[in-house]
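Note that the chains are named A, B, C and D in the order they appear, and that numbering of residues resets to 1 at the start of each chain.
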Amino acid sequence: MTVRIGVIGTGAIGRDHARRINQVLAGGKVVALSDVNRASAEAVKADIAPDATVYATGEELIAAADVDAVLVTSWGATHEQYVLTAIAAGKPCFCEKPLATTAEGAKRIVDAEVAHGKRLVQVGFMRRYDAGYVALKEAVQTQTGAPIMVHAAHRNPTVPEAYTTPMAIHDTLIHEIDVFRWLLDDDYVEARVTFPRSCARTHAKLRDPQIVTLKTAKGVVINTEIFVNCHYGYDIQCEVVGEDGIARLPEPMAIQLRLGAKLQNAILTDWKDRFVASYDVELQDFLKAAANGTATGPTSWDGYMAAVTSDACVVGQEREGEAIAISYPARPALYA
Amino acid sequence: MTVRIGVIGTGAIGRDHARRINQVLAGGKVVALSDVNRASAEAVKADIAPDATVYATGEELIAAADVDAVLVTSWGATHEQYVLTAIAAGKPCFCEKPLATTAEGAKRIVDAEVAHGKRLVQVGFMRRYDAGYVALKEAVQTQTGAPIMVHAAHRNPTVPEAYTTPMAIHDTLIHEIDVFRWLLDDDYVEARVTFPRSCARTHAKLRDPQIVTLKTAKGVVINTEIFVNCHYGYDIQCEVVGEDGIARLPEPMAIQLRLGAKLQNAILTDWKDRFVASYDVELQDFLKAAANGTATGPTSWDGYMAAVTSDACVVGQEREGEAIAISYPARPALYA
Amino acid sequence: MTVRIGVIGTGAIGRDHARRINQVLAGGKVVALSDVNRASAEAVKADIAPDATVYATGEELIAAADVDAVLVTSWGATHEQYVLTAIAAGKPCFCEKPLATTAEGAKRIVDAEVAHGKRLVQVGFMRRYDAGYVALKEAVQTQTGAPIMVHAAHRNPTVPEAYTTPMAIHDTLIHEIDVFRWLLDDDYVEARVTFPRSCARTHAKLRDPQIVTLKTAKGVVINTEIFVNCHYGYDIQCEVVGEDGIARLPEPMAIQLRLGAKLQNAILTDWKDRFVASYDVELQDFLKAAANGTATGPTSWDGYMAAVTSDACVVGQEREGEAIAISYPARPALYA
Amino acid sequence: MTVRIGVIGTGAIGRDHARRINQVLAGGKVVALSDVNRASAEAVKADIAPDATVYATGEELIAAADVDAVLVTSWGATHEQYVLTAIAAGKPCFCEKPLATTAEGAKRIVDAEVAHGKRLVQVGFMRRYDAGYVALKEAVQTQTGAPIMVHAAHRNPTVPEAYTTPMAIHDTLIHEIDVFRWLLDDDYVEARVTFPRSCARTHAKLRDPQIVTLKTAKGVVINTEIFVNCHYGYDIQCEVVGEDGIARLPEPMAIQLRLGAKLQNAILTDWKDRFVASYDVELQDFLKAAANGTATGPTSWDGYMAAVTSDACVVGQEREGEAIAISYPARPALYA
């Protein structure tokens, strides 16, 4: 069976996902497109999905009879409404980060999906599909013994002036927040933020780097360095310390060179290259589940928990050094 | 456009390629199956390609009007006949190794394809599609300076008693023979085989390990250790020494563990895991070219050159320590 | 010139230092020995220093006319008195950790040395002499740009039941406390301790692991994991994050093995093996300075600062999560 | 006991060894110096060994009553005569490479020492004292199973025009020739040399790189790449393949840096830095044995075997691709 896909939002990521579905992956076909800028949707139709229909609104697209499932890749502020509409229509829906711009918005989606009674939403936390994290999780489950600490880093060579201190949480740490919940099969109870002196390359509105300390319900302490003007490269590090030993996220594949008096491997500099393979895997997972009228992978609840945790971290930035409690309602049975 | 594929030979590799086309890759569909053991073809139909027709013979399958392109994954001794039939039918044809069981057979395919005037055959040398070798080739072209030497190893933990000394060339070294021609953009002119003492774990009919030294037309010397009872793992090593520096094939991705007083990464033990991702890429490449009625990637000529080189290496095994000249006709323009 | 050395305290470390001076290093000779257990001193005389005189007390040894310089390797509680006596005698004195059992005691030594007006005391912080740390410091000064963060770990496979939570500071972290001051050329202003859940292998009187966060006057944040029941090995990790890049302490030299499906290097399990080479270097440094009637390397002030910082960390253990200010008087000019 | 040392030849290496004995190592003292250029010996006396007597000839120095043992660090062509004189005087003698400039000369020393009936000569093959090779030998003896192959490389960034093809054996490979005999506890029976195309940076009188293949009596095959214009650094590689696994010589200690989009370690560029620590160890070994009136470490026989093997390799260079047999008399019992 070929799942007929409608794509809402045909900017860079929407176009790229359309390409994946039509040119890389098995089991799906883009049949509908919509964008606030209609020309953008028409261009994707011309380049990638000639058989697709272009709709004036996301709502019309979702309502179209030949659309089996929906990709929400529009501007973040519109995610909530489209996801809620897709749930109302009973159509599987892949939503890029963020699920909603507020924790309350994410909670409304959770509530709607729970009311619907079946999973329909997959959130685009692609790291869970990265081969390195998958292998790391297996190592944590089978080799290191129960986890006790995580040492992590999220480093970016540079960010523009518009990038502010809270964005280090909402746009950057958000990936670690989700992937560590999944990696450890655990929930956060406390956040604390520590600021070293800021680096010379940072901007007026950004304290950089910062260290976020998260505690989990099981007592794991996670220290994540966020350093978005680290200059040397885009670098994601993660080390899990368990009862018996330590597992480390693999470096991206690189040729080892002996050159110019250096034993050297290239480090990536563009974040887009780091997890590019995982986008294929996450969308393939979506297509498979959608063929059965449901969703798999990261849930609305995961999106909500990421939002709740992010909010606590931002409070932690404002109250440097203070432990901020993270609270949330009981997990609905749908997400057990 | 969806390329309609016929698969001749539905053993392990044929079944796996059918799965790739129907469940993993975009742009193809298995519409025809054939196997000397009809039940095997029927099983693949049932499990993977319910819409496919099962044919009694490969020839009938190739002749079928709805078959756009052919996969030859049958027993090696039958490859030549099916590939020649596909060329006669003007249909793109992906052929697993070996292209033919003799250099003469491979040459007949080359001649037929040249006579046809357009590329139709892709040989299943999947290593050219491995991300590691692709990155290595790029490093050799852009960083190391012109290559001068290659140090390589092909190690297998163990082989059965039926595996004889010449099979170390025809079944094992064959991959290095092809991939180094491609990596260096060069041709072989001489082969020499050196035998250390055989390892304790080898069998009566197998001298193991052995070192094959190949010289190229450009003067590169390639030493490849073949050690198929190395015990510790399946391990492929390759280091290219150039004018300015050295590039090394990456190790397969692995979690670094600190465990039991060892800093350790797992080494693969099953060859099937080593290049598994490259099968997807090579077949995707085949589907794309077949959609245009042609073929890309490793050519019939490459298959022929591999056969000629293998034959020289086997002579070299018989005349240990002697330099065996490798000769072949001029390369047809079709493969320039 | 040969420096004539008296050794006070001939237990394991005293005996080992006597061996170094008489059998490994140039420029010194053990001429005097003393131990609360006279038989121990006599045994070192018999085995290592046949020409040495055994004295009943450390004070007599220090007073002996043919003793040029003193090694204080006795029980920690006696260090202060011997060092003060050596200063009073104007003799260079190498003192093993701790310089004194309290910050006040260390301060008395500082004051005595300052009053004497010339450096006479070297404290046995041997990590400053480790080739790895020396190379790391050079990298921090020349390659990484100014430091902003340090990520470190001090891991021991196991500790006995007698090892309590504060000992993780006084006996274990003490090395990091000193070596990071030296590495960063900086002073601490704040300490905070975070406890993950304790590991299953710990004891009733030990919370293990723990994470100590130190802030420096220049704004560097140092996170050090102390995990003394980590099981897998004795492992010292240190990574300095600077403005331009990151430098990492080298792993101890180890043979890389491909064995049993693992690419593996041995990790040490005994702390005594980790910095063994640095003892030679620190004592050679002492002999050279002592030949000129003075001392070099880690100072009394460094010993005092380590004591002050340790005390703050222990308070931090008692007030988990709280930032503990670290204060101390101005640095005397003698230690500028 | 302090061994009183006479140094014949006070050029760079003689001066450096004198410094070691007087300033670094325990148990020795330089009491006599001699050099064909007397001013050189006087300078070493002034700088390093003020109490030493300067002799007009090496023979007078050897004859001096207060000289217990001799270091021969003069011009290579004079080594044989001084070593023979030292043996005649019954004095332990450390001789830098080469023991003699011909195999016959080395054999005369062997014969003289055998006639004397006790070991007196240590040859300056310092790699046997390198911590990396020592660890590698232990790994080969305890972990890899019996060795079958060795893959090695000896790379130098550049050599002057005066360096000719045979010097790649006599001056460069000589170290591998000795250290592999020791590492494998084996003897060579055959040598073969293979030349790839020469690199662009080589000179008129030098074919570079070259690959020397040595076979041992136990059937081990050793391939060593010699590449003395490799440009990128001074790099010594060695990998031993055994029945059960593979052991690799450690890289020299280096700080791992993340800098400028590269994960990088420095590679040495000056050969003098590579084995500098092993000179201390070899001379300490000499002093210990000399204190007992004998010698230890690399023997005259080892020096002779290195000469015999080198000669075969040079013949192999002249007869490219040909297997050159290596023959030598039975090993005298003194060197069992």
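In this text, contacts are C-beta pairs under 8 Å (C-beta built on N, C-alpha and C of every residue); 3 or more make two chains touch, one makes a residue touch a chain.
The model shown is predicted, which means the values in this text are computed figures rather than measured ones.
S.K.: By the touch criterion stated at the start, how many steps lie between chain A and chain C on the shortest route?
M.R.: Steps on the shortest route: 1.
S.K.: Using the stated contact rule, I'd like to know whether B-C or C-D comes out ahead in C-beta pair count.
M.R.: Looking at B-C and C-D side by side, C-D shows more C-beta contacts.
S.K.: Take the average of all CA coordinates in chain B, do the same for chain D, and state the distance between these two points in whole angstrom.
M.R.: 45
S.K.: Whole-Å distance, chain C centre to chain D centre, using C-alpha means?
M.R.: Once rounded, the distance between the two centres reads 38 Å.
S.K.: Rounded to the nearest whole Å, what is the centre-to-centre distance of chain B and chain C, using the mean of the C-alpha atoms as each centre?
M.R.: About 59 Å, centre to centre.
S.K.: Quick check: what residues of chain B touch more than one other chain, meaning two or more?
M.R.: Residue numbers touching two or more other chains: 232, 244-246, 254, 258-260.
S.K.: Touching chain C in the complex: which residues of chain A?
M.R.: Touch list, chain A to chain C: 146, 148-149, 151, 153, 192, 194-197, 199-201, 209, 211, 213, 215, 218-221, 223, 225, 227, 230-232, 241, 243-246, 321, 323.
S.K.: Inside the complex, what are the residues of chain D that reach chain A?
M.R.: It comes out as residues 232-233, 235, 251, 254, 258-269.
S.K.: Using the touch definition up top, name the residues of chain C that touch chain D in the complex.
M.R.: By the definition above, chain C touches chain D via 22-27, 131-132, 135-136, 138-139, 143-144, 244-250, 253-260, 284.
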